[in-house]
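There are two complexes below, and they share subunit A, which is joined by subunit B in the first and by subunit C in the second.
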Partner chain A sequence: MITPDNFNIFVIPFTLGMTFVIIWLLATIVRLWRHMPQADRRRVRHSILTVSTLRAAGEIVAEVLIHRRIWKRNKFLGYMHMSFAFGWFMLIVVGKFESLTYTGNHFNPIWYPLFFKFFVPGEHEFFLSAFFTQAMDLWLALILSGQILAFVKRRMPGRTIGIRPRHTAVNRAALTALWFIFPLRLAAESVTAGIHGGGGFLTGTIGQAIAGAPVLDSLFMPLWWAYSISLGVFFVLIPFSRYFHIPVEGFLILARHWGVSDEATIRTLETLACSACGMCLRVCPRAQGDAPRMQPVYFIERLRAGRDNDNDVWGCLGCLRCEEVCPVVVHSTQIRMARKMQAVPQRRPQPAPAPVPQARQGVDVALFAGCMGKLTPGTKAAMNRILQAAGLAYAWVDEDEDLCCGRPLRLSGRTGEAQARMDRLKTALLALNPRVIVSTCPICYNMIRAAISARPVLHHTDFVAQLIDEGRIAVGRSAQTLTYHDPCELSRMADISSRPVSTLAKVGTLKQPDECGRESHCCGGALGGLAVAGHERTRLMTATADYLQRPGAQTIVTACPLCKKSIAQHAATPVVDFAEAIAKSLKTSSINQ
Partner chain B sequence: MNSNHNDTIIIGTGIAGLTAAAELSARGRKVLMLEKNDSTGGHVGQWSVCFPFGISGRELAESILPQSNANVSIRTRSTASAISTLPDGSLSVSCTDGTAHSARTVLLASGYGMFDARLKEELGYGIYPGVLTSEDIERQWQKGERPLAGHSNPRFAIVHCVGSRDLKCNIRHCSKVCCMVGVKMATEIRQRYPDSQVTNYYMDLRMFDNGYEELYHDAQLNYNVQFVRGRISEVAPTNDGRLYIRAEDTLLGKPLRDKVDALVLMIGMSAHEPLHVDGEPMNRSINGFVGTASPVQINLTATPGLFVAGAAKGPMNITEVLADARAAAAETDKYLSR
Partner chain C sequence: MKDFGFKPVRPNVIDLATVQNRTWTDILRLHPEMRSCISCGACAAVCPNNNELTKMSVRRTIIELRHGLPLTSEWQNCQMCNRCSLVCPKGLNTRSIFFRLNTFEALNDHNQTNAEPTNRK
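Right, the complex of A and B next:
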């Protein structure tokens, strides 16, 4: 029942805004649901009442409220996000129970808990009333402390988060509304306490301090109006701004836990769940240059507005550093990939006939160098030495033939044509009937292992490490110092980073830079980014080459032909492939002649 | 070491430095020359034969500056590391061996470096023994060695533009002389190995100076040298110790495969790391070589008293270097007379 005890005309802006955002959110979810394939819908229906929902709930608390992943990266930013999300959530929950306890009514109007202090000013004794009053002040204080940090962050981005994202007009408007909400609530509740008494340690104390001031009565209604309006404005702006991530991220987490596999659904949810926190800015190698901005935070902001441009789609190298740090785990590289596929005509040609192996069926190892491998014959020669030392029968499948894993075509959006290339390569590899397939290029390795399950597929770093572990080859340790550069395709994409390092430690002393492993820098030669200008690539390559030379090792080792080429052009220190470093340290006694 | 009696210090004793020293000493100037290597003559001093008229590189270098010249003293094994301006406006050159030398002017004639062919790993330099650079061959010939002596009917492939005009190496500039060196080397090979076959792989041939076009025609008509427009994309060893090459003939629009005994890479000129002047790295031009004060002040750098001559400014052929060094000497002399 709506009565003067629980309604005042000033609640209308908030109520309209709140209703609007709820309807918008429901419409978004219903639209996604209707576009989802049958199989996924079935999966969701079967998963709702399982433990996966509980797991999702746990992750929602950890990520949406506490922001665990942000905490791990940056405590300052973690506290700021947590204070807003968790503080506001607790205000809503505790406020709900406060109003419920006071009225005994489960169905208070939607605005009632929010403006409780307006409708029930002063001190009232009811069950746990003192607790509720203090708790509500505590959550408000938590949010306000976060807001102070947010203000400091905007003033001094360099000392807090590195680079601050620059947001679009609608995001700035939403932010302004958001920043008004909690100080206005503090002011409204404090003035109310000043007039009627009551209030907790925060609003009550301020209320006492200002009690008796003549202006209080004339401030009372305007402040409650302003509080309601700021809430209303913020809610209306939510669907059009980055703050839509607040309600959507929960749905994204649920969809992932329920096993939704439809790429379009997940991509849409990820796009909407990006909070534009800007963590990707600090790690993106292109953020330092003068090139137009294309980092996920900007790309997704424009994509939502339907205004993403060529630079957004083609200007990313695909090194995946942004995805490594993204607190929402937005797969922006795949979102870009989908945009590329929309940009180029899709066709699926028949694969050309694969080469027929010449009487060398049944090799132990089928090797694939790939196109970049042909540009680094040193790696190939080193692998030949290692395999001869191990006494294994091997064949390079692309010795005389041009075979391609398809990745360059895939990265230019031509996935059908890429698939035709891969089909041809797959036929050629399996025709050798090898026991194991090894690629010296991590890019090809990722493509082949996704396509072939009939045989073990290894990157040569793993394969060589295995030969050493099994005692098939022996290496000697020398006084040399090495710096290992983790290729993005190997560390971040295939999660191979510790084994190459521990293997190299058997032939020399490693001097690793601070950011290595899954955090390694982009060599600048990555295959994505067809729109990255030459001078920009040079800048990236030089920066990474400089970074890798900082530890001062005698040799830089990497495990990707692209990284090798990119770094070698810009480093005074010699750059060798993993296989070359191992081949150089082979104990001669182990070479079977 | 007190060497204030010098009017000018010339860094580098290649043909640019030697020419400038000869000019300045003829005008009565006292010159100190600093050379990082054991002997003078620079790159040209190590060439066996210079195009297009077949002069020996060493004889050319030795003919520039008479052996005993009272006005010129030469310090070999002295690598200049930095230049600084002294309070009286003269310049001091410090060397890596700890010595410092001062004079009113310094002439930078430090030339160029050769492109490190190992950076074009796909061409197999340093991996397959049959792959040589133009520099390797010139030196071997000058020493009287004869590579591939045991082969009958040896096949040679000459690759132009290795480390020039190649964005994959981040090098945009044309090294100017390699087109002609490639043609000269092809005819030279045909003369030294009469039963040989030579194919040049080029992007385009820039036969810009006197006598170049004539030698190019001579190579085709009288020495039967083949020219293919296209780059070699891949080199692999064959079982019989030769080299298997793949390229594209871009005039026919067809891929091409061949087996050769030797692959000769026409490596380009690359810029040295910039010297530090008054604590800052020197200005560089767009191609990374030493920059001049303005496009028309072709020998003066941004630092008063510091001049530059020859291929330190970018690729030049011998006649251009000789002219430029004389101009730089004239500029230096004018500055000293002020």
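Right, the complex of A and C next:
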């Protein structure tokens, strides 16, 4: 029941804002639900009462409240995000129980726990009242400590996080409202404590210090009004700003755990769950230059406003470094892919000509160099030597004709035509009836791996490592020093990064740069960069070549023809493919056995 | 006119000032670096589609675009493989031209307005 004991006109701004954001969120979820395919809806209905919901709840606590992934990257940012999220959550939960214990009524008005100190000022004895008072102050102190850090971060981004994203007007407005909320709460509760007594270690102490000051009475109502208004403004701005991630991220985690497979639903949730934290800015190779910004934080911000531009869609190299560090695991490359397909006219693919009949059928190994492989004949020669040494029957499927895995066309948004190319390649590969399919290009490897399940598909780094492990070829260790560059498609997309390194350690001493493996730099030649200007690519190539030469190894080794060509153009150190490095170290006795 | 036994032949010159060259202008707007193409042909040399079955020439397409001529090269065969960009001595992102050509709706206009160039034999 609404009585003067639990209602005052100043609660209206907060109540309106809160109601608005709840309605908006529900409408968003209902709309997503209605657009979801029947199979996914059934999956969700079947999964709700299973252990996957519990797992999701665990992840929600770890990610949405504690922000575990941000902690791993940056303790400073982790504490800041946790203090706001966890602190505010506990303030709501403890506040709810405090008002519940006090009134003994489950159905208190929505604003009652928030403004509890206004309606019940001073000291009151009820069950655990001292605990509640101190706990509420503790959570408020936690949030305020995070807010001080946030202030430091905005003042000196260089010392704390590197690059700070530039936010849009609505995001800045929401941030301002957010920053007003907790200091105003502190002020309002302290003034209340100053007039009526009570309060915990924070508000109570300040209250005692200012008690008796003549202005307290005139500050009392304005402060509670201001607190309510700042809450109301923040809540109204939530759906239009990056803070919509607060409620949406939980739904995204639930959808993932419930096995929702519909691309559109997951991408929409990811778009809304992007917190625009700017972690992607620090790792994006394109963030360093003067090129217009297209990093996920800006792209998604503009996409949500329906204002994404040409550079946003086509200017990304697709190196996936951003997805590696994203605390919400937003697959921005997939979101971009969906936009590409909308932007490009989808043509009906021409019927593919029949593959050239292969003379050699029934080989052990079918090799595929890919279109880029034609530019790196050294890799091909090295693979020939290794396979001859291993005594295996092999054939290059694209020896006589140019076959394509379709990835370049796919990246330019023409998925139908890409599929036609892949089908042709698949026919040609399976016509050889090989025991194993090996690609020397990680891009093709990822495509073939996804398309062919009838035969084992390997990247040549894995294949050669296996040959060495099985003792089919023997390599000798020399005094050479090597630096291995992890291609994006191999380390981040296919998760092959430790095996090439351990294999190379058998032929020489490795000198790795600081950021390698799944965090390796982008070579600049990435296939995704359809609209990246030439000078920009050159800048990226030079930067990565310099970075790889820093450890001072004699040779740079990589496992992708694109990386090899890009780095070799700008490095003084010789750049070789993985296969070349191994072939050079083959023990002569093992050749032509 | 008096018959001298021969006719004056129009000079085989393309007056770029009079050529309606919307496609090239559009490409330059998005990729101004394409001005520095030197038509060396390295791109065409490595192009996987520059063979007996599919006749496509990167260099030829760029020249035709520049001069506002109808595109005779089968540029639709481009599979965006990036080889041309990697060998370009000027470091240009050559393949972006074919990527743009595919998306341009203006291309139809281009081929219509330039279907019968008046100043070329």
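Observations, loosely collected:
Please note the rule applied: the second predicted complex is superposed on the first by the 582 of 593 C-alpha atoms of A that agree within 3 Å, B and C clash if a C-alpha of one lies under 4 Å from a C-alpha of the other, contacts with A are read in each partner's own complex, and residues count from 1 in each chain.
Heads up, the rule we're going with is that a contact is a pair of C-beta atoms (placed from the backbone, for glycine too) under 8 Å apart; a residue touches a chain by one contact, two chains touch by 3 or more.
It should be emphasised that the depicted structure is a prediction, and the values quoted were computed from it without experimental measurement.
Annotation: superposed three-chain arrangement on subunit A; subunit B versus subunit C shows a clash. Of the two partner chains, subunit C is the only one that A:344 touches; subunit B does not reach it.
More residues of subunit A are touched by C (comparison of subunit B with subunit C). Once the two complexes are overlaid on the shared chain, A:414 sits against subunit C while remaining clear of subunit B. In the superposition on chain A, no contact is made by A:30 with either subunit B or subunit C.
Of the two partner chains, subunit C is the only one touched by A:404; subunit B is not. Within the superposed three-chain model, A:565 lies in touch with subunit B and with subunit C [touch as defined at top].
Contact with subunit C, but none with subunit B, is seen for A:529 once the two complexes are overlaid on the shared chain. In the superposition on chain A, A:209 contacts neither subunit B nor subunit C. By the touch criterion stated above, A:310 is placed in contact with subunit C alone, subunit B being left untouched. Contact with both subunit B and subunit C is seen for A:538 once the two complexes are overlaid on the shared chain. Steric collision with subunit C, judged by C-alpha atoms after aligning on chain A, is confined to one stretch of subunit B among 19-27, 55-63 or 163-171, namely 163-171. Subunit A residues 374-375, 534, 538, 565 lie at the interface with subunit B in one structure and with subunit C in the other. Per the touch definition, subunit C reaches subunit A in the complex via residues 30-31, 33, 46, 48-49, 51, 53, 79-83, 85-88, 90-93, 95-96, 99, 102-103, 105.
Within the complex formed with subunit A, the subunit B residues making contact are 119, 121-122, 124, 126-128, 167-170, 233-236. Per the touch definition, subunit A reaches subunit B in the complex via residues 374-378, 381, 399, 534, 538, 541, 564-565, 568-570.
In the complex of the two chains, the subunit A residues touching subunit C come out as 310, 314, 343-345, 353, 371-372, 374-375, 402, 404, 406, 408-409, 411-412, 414, 421, 525, 527, 529-535, 537-538, 562, 565-566.
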